[in-house]
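Chains: A, B, C, D and E, in written order; residue numbering restarts at 1 for each.
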Amino acid sequence: MPSTDTISKKAGLPPGSLVHLGRHFTNKVKISVIDYDAEYLSETICKSTEECFPYKETDTVSWINVDGLHDTDTIASIGNHFELHPLLLEEVLNTLQRPKFEEFDDYLFLTLKQLAIDKESDSVASEHISLVLGKGWVISFREHESEIFLALQERLREIKGNIRKKGADYLFYRLIDSVVDNYFFVIDHINEALEDLEEHVLYTPDDHSLKEIQHLKKQLIILRKAVIPLREAIITLDKEPNILIEESTTRYLRDVYEHIIHITESIDVLRDTLSNIMEMYQSGVSNKTNQVMQVLTIIATIFMPLTFITGIYGMNFTHMPELHLKYGYFGVWGIMVIISVIMAFYFRRKRWF
Amino acid sequence: MPSTDTISKKAGLPPGSLVHLGRHFTNKVKISVIDYDAEYLSETICKSTEECFPYKETDTVSWINVDGLHDTDTIASIGNHFELHPLLLEEVLNTLQRPKFEEFDDYLFLTLKQLAIDKESDSVASEHISLVLGKGWVISFREHESEIFLALQERLREIKGNIRKKGADYLFYRLIDSVVDNYFFVIDHINEALEDLEEHVLYTPDDHSLKEIQHLKKQLIILRKAVIPLREAIITLDKEPNILIEESTTRYLRDVYEHIIHITESIDVLRDTLSNIMEMYQSGVSNKTNQVMQVLTIIATIFMPLTFITGIYGMNFTHMPELHLKYGYFGVWGIMVIISVIMAFYFRRKRWF
Amino acid sequence: MPSTDTISKKAGLPPGSLVHLGRHFTNKVKISVIDYDAEYLSETICKSTEECFPYKETDTVSWINVDGLHDTDTIASIGNHFELHPLLLEEVLNTLQRPKFEEFDDYLFLTLKQLAIDKESDSVASEHISLVLGKGWVISFREHESEIFLALQERLREIKGNIRKKGADYLFYRLIDSVVDNYFFVIDHINEALEDLEEHVLYTPDDHSLKEIQHLKKQLIILRKAVIPLREAIITLDKEPNILIEESTTRYLRDVYEHIIHITESIDVLRDTLSNIMEMYQSGVSNKTNQVMQVLTIIATIFMPLTFITGIYGMNFTHMPELHLKYGYFGVWGIMVIISVIMAFYFRRKRWF
Amino acid sequence: MPSTDTISKKAGLPPGSLVHLGRHFTNKVKISVIDYDAEYLSETICKSTEECFPYKETDTVSWINVDGLHDTDTIASIGNHFELHPLLLEEVLNTLQRPKFEEFDDYLFLTLKQLAIDKESDSVASEHISLVLGKGWVISFREHESEIFLALQERLREIKGNIRKKGADYLFYRLIDSVVDNYFFVIDHINEALEDLEEHVLYTPDDHSLKEIQHLKKQLIILRKAVIPLREAIITLDKEPNILIEESTTRYLRDVYEHIIHITESIDVLRDTLSNIMEMYQSGVSNKTNQVMQVLTIIATIFMPLTFITGIYGMNFTHMPELHLKYGYFGVWGIMVIISVIMAFYFRRKRWF
Amino acid sequence: MPSTDTISKKAGLPPGSLVHLGRHFTNKVKISVIDYDAEYLSETICKSTEECFPYKETDTVSWINVDGLHDTDTIASIGNHFELHPLLLEEVLNTLQRPKFEEFDDYLFLTLKQLAIDKESDSVASEHISLVLGKGWVISFREHESEIFLALQERLREIKGNIRKKGADYLFYRLIDSVVDNYFFVIDHINEALEDLEEHVLYTPDDHSLKEIQHLKKQLIILRKAVIPLREAIITLDKEPNILIEESTTRYLRDVYEHIIHITESIDVLRDTLSNIMEMYQSGVSNKTNQVMQVLTIIATIFMPLTFITGIYGMNFTHMPELHLKYGYFGVWGIMVIISVIMAFYFRRKRWF
């Protein structure tokens, strides 16, 4: 659930209204284009929105990357030129939109979540990414600039790269793959946190463990919310054959699909582990309570009878024959030692210490 | 489960009996009609039921809105003129009816629930709305006047509005969309309540938290009861192609469907969160019990041996050599201090304080 | 699970053996016939089994109602005349049989459970009802006479009733509907019991609450055992088109089906509520334990140090300078008051009282 | 999980290796044949394996029953003559094999489990039964002689029995039915044990209850392991029409299928009941802990202040004015009585006793 | 989750990059070939990678077994010669890859996990095995040499073995079968561990039990991660008829599939057993707490009143008539004995000891 903007902000507006939902990053919208084929590659950072329009018609593969969603006019103008459906643009801007795939007549649309570990809060940060695949072009929309596509850009610049020989559909796949690959980092990070937590809970279950368990549960929910709908989206993309996607790319998409399956299985394992840890925590606490109780009971059971005996001989009756025995005092000590030893044996047998 | 009227009240009556189940609002039934096409719009508040009959035949789109369900004669007379099936009318009046979609020969029927937060009781209020889509007309039945369609009416009055150019099926969609959009408010409200509750439970788990958890659980049940059957209804509406619904409207209906999916996912997250909070609450209470136990045990373990020692020297034996030692009293103090220090070390090592 | 007869009693017998399983009601088997069409109606109470045989062939709709299952000869003789399959008769007599629908060549067979609240034991009483729909006749078998079909009989006697104009399939539907409608009473009854219980558990969780929770759980199991298989039965009845059921009746049967869905959803809500109450009960008990612990700890923590101090000055050492101070006694009182106040502050800060 | 033989014993052997897994009963393998048609019946106990071979070709129905699986040669020789697949024989011998149905070209194969209550250990004993239906013959393999088919044999001997007029497929059905009918005894037995246990747990939850709960859970697991795969097997048998099974027998097989459904539903109810009992047990224990705590707290809260007061006046200060008051002693008694009464009122109001 | 290598190591690399993920075993890659038909068999250990290439074209069945995955060049060179898809090779090397089946034009690919009990850590060790079935050849890739295929090799060397007469598809099946058979050992091992643990928990639930429960849970997760995806893989392999697999082999593959079903059912039973043990453990701990509480309460309830009485007569009031009674002291003893007896009766009735 978002804390900055809530989905109900949009309620009541007509469908297709372009409203940006989400955090507003202060940087300007940045549009960059990489245009390439096997032999040629040009990189441009557009000064105006219109600069990216001609790439729609080129024979080469054009990747138009838009960083920043707060300027709805820019998005609308791109949408207009590339003839994107108003509902599609709405979903590009709505960063609370769940991952989904939609097929349109002339293009395919996929929204998904980029996940990263936010070092400061040690929690999963989710960002909204939308991809549109048209004939010879791909547009990617991101909330702001990030490192997620850097490796891919590097690969594009290499003239020998496999990717340069393939079409826009392969680029589309590689963009999805870049995003999904990052999920493994998040899984690994949470996994490590879980291992630390498990160690901690096993030896010292305390209040902090409880908070950490809750924190990790929330991270897994964020992860699930990103992955589960994406799985459905990729199945749909996979199942319906489409003229925009060549057959050779299909196997790669199935590979992405299997990565997602792997991730969901890992999430399930992490959830199981987390609920095991919770169980251990609870058992740890009740175990500790039991130990505390045993200490209390041992102390009370030994000292209450002894104190009672001292009470007896602390009474001020005139006629108390034992008081005047010569070894009365030492006799009492003897009795008390015997009682203590019996008690100790009893607790030993009960394995209380 | 309703507290005013119960569903069993209807048991035993023949099918098609028109009985109003639910709260009786005292206001009169109000029938208002908006008749429009791209260029023309007229708004009428009908003085008699018959006044709305002619709109069935007009070429324009007619939206007949009926507020108030307690007057079964009015409903029956409308049903009669528009040739609505008796079972349909029964479901319009039965406010305990679960959301459902039904296809008839000449019209489509959808009942759903309008949800709002009742400020006073801080709980979700559910109201029954029925929509009938015929050829060129839409009838909406509500329990009483509410603000839910106000924005839509405003939009209709604007001559440039997209909605004015489209048919009755698009109006039908917009009515559904208005109702579903409101669910987001409810989700957001419950979400906020959950965040407050979580904070509260983490620091001071008390009786009140338990009541609040139970209260929120009930709100989620109400929400689920409205949304889950609606999801099925919209799937059915979506899947079967119908001559009353144009193809361009289908994509919009699918958009509504996805909103509902989004809502059900949010409900699941809220439920998970709630059961996490319950878990935290229970762990909090047992943690507190454990702490209380530790305090008790520390106190008892330190003072019982000490009190025993004072008991020893409070005995009245004639022959107790220590009593007459010059520094006996101070020696005893010394022993007691040593015992206390040892105990303190022991508890420190056990991390009990 | 029945307590009078158990299903294993039948094990080992060949299939089709007519054995009555269930409680034996002492009254004689009573066979009553209502024979009607739109203009004519006759009611007969048969003196002998054979009296009902001619109704098989009449052109009018004949409803033969058999009350009492213990006389297997009567059942066998009816079964013989109406050419009912031995396995069907077996299931008519086996009151432990779960609800099911079966299609035979010339007739349809449905068994279901009539549910009612037994006032004495405040629990759900389940009775076995079997319905056979043939061409122009319906036979209903009940364990004994009950009020469940009274309203329907009244309706039949009214000459204007819709039901008189329709065929045996509609009567068949109305019989099912009469039984299912009664389920709502049971739901409402359990719902009220749950509301009372919830109130009770919230304020005074005690042993009785636990027993009541278990009791209600059992009632819900009985309800589920009646409803869930019936849902499947009605789906099967609904899905396969049959010459014995006219199309106009199909919509009514679907209405019954939706009632059953509504009931199963209500059962689910009741189960959730019940498990919430169980959770509240358990939290209530552990909360109470915690409070008791706090009282104990407060008392012990205040009085143990104080008692220790009195112990000190109760010792009989010869040399105890404080004892002879003029204001020693009052000084000790002062110290004890100070200790108590400090303790009180500590507990206040910990919010223990 | 078997304790005598484990399934891993077979790992590493080539498929089709005939190894007997399970308990070795010492008796010799006993082969008995019943050969019959409507008018004729002969019973033979074969002295050698070969004696049963001719029955494969007779026009009458031949039921060859093999008791004892430890002699793999006998089984192999029968398998050879009746041309049974090696994998089939492997499964006949593997008593750890789960129930399954398999269709071969000339015969059908079904393995299932015979269940009985072992009186000594009060637990469910599971035995392996395999049935092969060929054209005019049925072979049944059992681990050792048992009473399970006695009733069926009796029925066969009656010349008027329905069974004598029918084919091998009906015999096959009756054999399955005999085994499944026995499950009801087990269900009833566990059900009774559960009712006793529930009573016990409600009044005296103790260690023994916990062991009994665990014991019954294991019985239900054995039951489930026998029934759930059998359900699937019977569905497969039912669904695929086969020339070996006549249509009239199909309805009887569906009847068996419904018995199995009934049994699985009963198992589910038993499991629910068992987990309710576990819940009651846990609540009972924590309730008892709470009561014990209350007793402790009442005692401590009353006697600690009183003992403190006696401690005060047990001090040996020289100047303690109260000690010398004439009615000081009785005054102190008064104060202590007042304190006790106040405490009693407090606990009453808190409903602690 | 692997501790040596994590899956995120591969993130960012282009698809088809050959990276070995997993433990690096130091031994050299070892390639061995068994080439056979019904009459002929040759065994070769290849000195260079190229030596195994010719076997692709032979008419005999060739089994090429590659032990060791760390040398990516060798794998790449084999892949190249046998025209294996880059994604396939990637999965051969990625030991974190989940089991899967994939159909290629000229060969079938299956990865699965070899499981064994690691004696030292008493935990399940999982190793990655990949099988490729081509026309007349099978390649198996393993992480390092192990005993898993020894029995199969022995069988191959026997000239009479059934396996020698069959094709590469049957060898492929036998390889899968060898791996799956081993799972039964793991199941049996865990099962034994569970039986020991259950015994232990029933009598002495302690911290160690909790750790053992957690440990076994992890083993079951590893088992599930190997088996569940394999089940899907084998279904896919089974369902799609393929020219590489002869019909007679299909029944054997279905046999493997049923083994896997058997294993998954056993895993479910083990999980149930494990959660029962956890439940027993928790009940055991809370039972023990309760017992400890009872001992404490009995002691406190008996000695607090007695000590109070001794306190009374330890007071130093001048006027305390009882003190001077002749039998006062013995009277007090009498009262204390009576109180103790009453208490003992009370606890007996409450069944506290």
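List of remarks:
In this section, a contact is a pair of C-beta atoms (placed from the backbone, for glycine too) under 8 Å apart; a residue touches a chain by one contact, two chains touch by 3 or more.
Predicted model only: the values in this text are computed from it and were never measured.
Any chain touching chain B that also touches chain E appears here: A.
Rotating chain D by 70 degrees superposes its CA atoms on those of chain E, with the angle stated to the nearest 5.
One simple way to say how far apart two chains are is to compare their mean CA positions; for chain B and chain D this gives 43 Å. Inter-chain centre distance (chain B to chain C, centres taken as mean C-alpha positions): 27 Å. Of all residues in chain C, those that touch two or more other chains are 286, 289, 293, 296, 300, 304, 307, 311, 314-316, 320. Listed in ring order from chain B, with chain C immediately after it, the chains are B, C, D, E, A. Of all residues in chain D, those touching chain E in their complex are 1, 6-8, 10-12, 14-16, 85, 87, 98, 100, 204, 207, 210-211, 214, 217, 221, 225, 229, 278, 281-282, 285-286, 288-289, 292-293, 295-296, 299-300, 303-304, 306-307, 310-311, 313-316, 320, 322-324, 326-329, 332.
On the chain C side of its complex with chain B, the touching residues are 151, 155, 161-163, 174, 177-178, 181-182, 184-185, 187-188, 191, 202, 251-252, 255, 258, 261-262, 265-266, 269, 272-273, 276, 279-280, 283-284, 286-287, 289-290, 293-294, 296-297, 300-301, 304-305, 307-308, 311-312, 314-320, 351-352.
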